[in-house]
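Heads up, the next two complexes both have chain A, just with different partners, chain B and then chain C.
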Partner chain A sequence: MGREKIIEGSGLSYHYTVYDDEGRPAAKQTALDGVDLQVEKGQFIAILGHNGSGKSTLARHLNALLVPDGGTLYVNGYDTRNDTHVWEVRQSAGMVFQNPDNQIIASVVAEDVGFGPENMGVPTEKIWKRVEQALKMVGMWEERDASPNRLSGGQKQRVAIAGVIAMRPACIVLDEPTAMLDPAGRTEVIRTIRELNEQEKVTIILITHNMEETVYADRILVMDHGKVVMSGNAKEVFSRVEELEHLRLGVPQPALLAWKLKQKGLSLPDGILTMEELAEALEELRKNGQRGAVREL
Partner chain B sequence: MEIKIEHLSYTYNPGTPFEKKALDDISLTIGKGEFIGLVGHTGSGKSTLVQHLNGLLMPTQGSVLVDGEDIAGEGYSLRQLRFRVGVVFQYPEYQLFESDVLKDVSFGPKNQGLSDEEVLARAREAMRSVGLDESYETRSPFELSGGQKRRAAIAGILAMNPQMLVLDEPTAGMDPKGREEVLDLLRQINRERNITIVLVSHSMEDVANYADRVIVIVDGKIRWDDSPSVVFTRIEELEQTGLRAPQVSYLLKDLQDKGWDLDRSAVSIDAAAQEILKALSVPGQQTGGAVEESGKDR
Partner chain C sequence: MLKEITLGQYYPGNSILHRLDPRVKLVGTLVFIISLFAFGSTSAYIAAGLVLAVVITLSAVPLKFILRGLKMIFFLMLITALCNLFLTPGDVIFKVWKLQITAQGVRMAIHMAVRLTYLILGSSIMTLTTTPNQLTDGMETGLGWMRVLHVPVHEIAMMMSIALRFIPILMDEANRIMNAQTARGADFTSGGLIRRARALIPLLVPLFVSAFRRANDLALAMESRGYHGGEGRTRMNPLVYQRRDHIAYGIIALYLVMIFLIWKYVEISLPFLP
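Take a look at the complex of A and B:
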């Protein structure tokens, strides 16, 4: 492929120090254990893993909130361990976090989005141009003069995403951006992320617990105990139902139902991810008279 | 215990420019031992309704009767009501505060004025029923994993021996396995201890899998109050209100539209799988009716 690499991590390790009652370091806890991660420009990567699997620790490495204590990580060509480059790293990898209420600081939407570029020293007239572009990209331009506290959770997350876009990062890292939203808010945010990736070619790294949100990713990484234990596209990863359940994860409902039907003897194709695909495959079976294939009833 | 809500309306900030009618003429009865899924968008009024179940809010109009007694009546003990109806709010683990898990779980029963032995017995039983064994008693709640913290928080409510447990999105932010564990725990509490469960959830799949009854609130009114298999077959109407049905409902409808002879009332993955297998192996239309019947019996 030879496409430009935005993120190049090899053998990444990180340990948290656990302190005793007197505040002395007592133990080390491994959070990342030899992670290799390559992300090319324009890719959409999803990272799955149970609570405590290390995925948020990995996310915090991508913009140098944490630096590896083993291995190397280059973000947009900058070594994150070199603290003279910390601002370049942070401008390269913009972060969006879980709680929409913790990320918005200004009293007007447009000013909030302008905060990042202003901090970077972008000239004023250019800031407003960037703000306009960013808000239009996430579909929040109409609300530019609104007060953020009157927005829904989904809208606040889109403003947070716009604030990151306005800094023109090479990639956006979203750490469970939909966890605190209702279904309508989730749909809004995921649609926005997909549009940014598909139309604006923004590189996306999405960390989530929601299997359904990952089916559009180019590649899914599954983490467990600080390691990447599975990697592949959605069709590949979600056909491994039992392994995923073992990792405290699940698969999207259509994939699960297809898997259960296969267990009962139906010969369905691999890689079913949506209910439409499943309905079509079942209809195919019915037309071809698959009755004989049903073993158990 | 039975809670009977009659023509309940609730208005926030009445008589001010911020006046907002959150609940509008709600009537429903919650019987002992039910497992109810309460569904509605953000802002539909479901949280307002939930807060009436233990008297955190009092009706602007109408009444809430607990075992026949009006909770707004003079001399009614709201304190006692709050012991009987336990409410688990979102992210309940943020409310853990004691130095060890046993103390935290004991806080409720201690407040009820029970003897030390009684408090200890209740706390231990509650911890056991959420799957936290003795080794957790002396651990700091802050050392626990996310799922364990949440179970510890639920244990703190259970230790008060409530007859009803109301939970607002108890699985928010948890990994799929953790979600399943918490929901299985609720089912177990419901079945083994006959505690009424009211589960507020955005996940139609969870409600379909666990609840016996679904109440859908739209704009402060009850839109549907029926079994999941009845509510979730009304896909188009649900979507008109901005909600949706569980994913399997869409599949079964799609297959039916393609001419399959099947019963759409299956709302869980397993029930849908059975229904599909049945539909595929039934030769001809004549026996279709009989299969549908037996499907409903389950």
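Take a look at the complex of A and C:
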């Protein structure tokens, strides 16, 4: 494929040093262990794993907040280990964090979105253009003069995403952006992310422990103990229900239901992920005269 | 009780005061505060009060918001007034046991209370009509010359704006912790001063821990958005003086002259003021 590679990581490893009570290094804990990661322009990648699987550590590498102990990582062609490129790397891979409150710096929405471009030294009129464009992309332009404290969690997170977009990054890395939101905010943020990817062709790397959010990703990487243990598109990954349960990751409800029905002998197609798909497949079965089998269940 | 501090809370609007250059507002507030302390007389205070009333009307900020800031300093004001009332030497007009009230004391107490009220109202108006970012921008540009003296102007301005942003969040958090502790039987509202102060310890410890955690997160977020100090930074809202700003400077100068003249030549003695 001739597509531009935005992230190229191979054999990435990283260790945390654990200190004892007196502050001496006591043990090393492996957070990343030989991770390979390739992301192409315009892709939507989801990285899935439970707490402590190394997914957040990986996210911080993409932004050069952490540097790998072993292996190499190129972000937009820049080696993250090279100190001189640290700002280019950070501009290339914009980060959105978990807590919506702790990443909004300014007290007015528009000023916060302008913070990144200000740091980059973008001329004033261009900052405003970028801010307007970014806020319109996430649907928050109406709230540009509001105080972040008056916004809901989902809205705050959309402002944070706009703040990153305004820096014109090559890709956006979202580190559990919905973990602290209510269901409504969660849907809102995921919808925004999807729209950005589909309409604006923004490259997305979504890090999460929530399966439902990864359904629309082009590729899912499942991490456990610092390693990538599964990789593939949503249909491939979610058909491996038993392995996922073993990794303490819940499969999305419709997929789980479809899998269980199949175990009972219904001939459902592979790779059902959403409620609509499941309903359609069941309707199909009913039409094809397997009515008895459905009723039996 | 913790939610009611308005100092440093921007009230969105589009009044003439909102549109003024923050440097003008900073200078104006400073001049106003200095005038309160330099020219303390009943006549000057009445004049300053009238000016303040005009400014408040111009700001189009609901009076409710402005007055909220006063509640916060009510006790400070009470203590100051009482100290002045009882501890100022002079002509005794009232005496019980060792406590005595002097005519000068009454005067001082009232002046002090008025001064503090004006001070809070004046600075509240500034912070209510200026976004903290504009405010710190104003300080940074207005005081930029201090960098020659190795004063880290940008850093101080950035710290201030972040502090202002997080005050309401930490207030909310304190309230939440307080409710959680109350639900488990903690008592913040009864007992003497010492007991109440001691009851605050289980509130402050988790608050500090959370503040540090937030600071850590924020530092990460700022770094990942390319923040590397004031060097090479551009501004989203660069400060450019408009015609109205020059006019405002003129008005401020006029105010200073007027209040000086009133203080010097006009004397008002109110019947209830000795």
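By definition in this document, the second predicted complex is superposed on the first by the 290 of 297 C-alpha atoms of A that agree within 3 Å, B and C clash if a C-alpha of one lies under 4 Å from a C-alpha of the other, contacts with A are read in each partner's own complex, and residues count from 1 in each chain.
Note that in this section a contact is a pair of C-beta atoms (placed from the backbone, for glycine too) under 8 Å apart; a residue touches a chain by one contact, two chains touch by 3 or more.
Since we're looking at a predicted model, the values are computed, not measured.
> Where does A:V164 make contact in the superposed view: on chain B (first), on chain C (second), on both, or on neither?
second
> Under the stated touch criterion, which partner chain does A:L282 make contact with: chain B (first), chain C (second), both, or neither?
After superposition on chain A, A:L282 lies in contact with chain B alone.
> Should A:M180 be classified as contacting the first partner (chain B), the second (chain C), both, or neither?
first
> Answer with first, second, both or neither: which of chain B and chain C does A:R248 touch in the superposed model?
First partner only, chain B.
> Kindly classify A:N119 by the partners it touches after superposition: chain B alone (first), chain C alone (second), both, or neither?
In the superposed model, A:N119 contacts chain C only, not chain B.
> If we overlay the two complexes on their shared chain A, which of chain B and chain C does A:M211 touch? Say first, second, both or neither.
First partner only.
> Under the stated touch criterion, which partner chain does A:G23 make contact with: chain B (first), chain C (second), both, or neither?
A:G23 sits against neither chain B nor chain C.
> Enumerate the contact residues on chain C facing chain A in the complex.
10, 12, 131-133, 161-162, 164-165, 168-169, 214, 217-218, 220-228, 232-238
> Residue numbers of chain A touching chain B in their complex, please.
Residues of chain A touching chain B: 49-52, 98, 152-153, 176, 179-180, 182-185, 209, 211, 245, 248-250, 253-254, 256-257, 260-261, 264, 266, 275-276, 278-279, 282-283, 285-286, 290-291, 294, 296-297.
> Spell out the residues on chain B that touch chain A in their complex, using ranges where they run on.
Against chain A, the touching part of chain B is residues 41-42, 145-147, 172-178, 202, 205, 242-244, 246-248, 250-251, 254-255, 258, 260, 269-270, 272-273, 276-281, 283.
> Touching residues of chain A toward chain C in the complex: what are they?
Chain A reaches chain C through residues 63, 65, 87, 90-91, 94-95, 97, 99, 101-108, 110-111, 114-124, 127-128, 131, 145-149, 163-164, 167.
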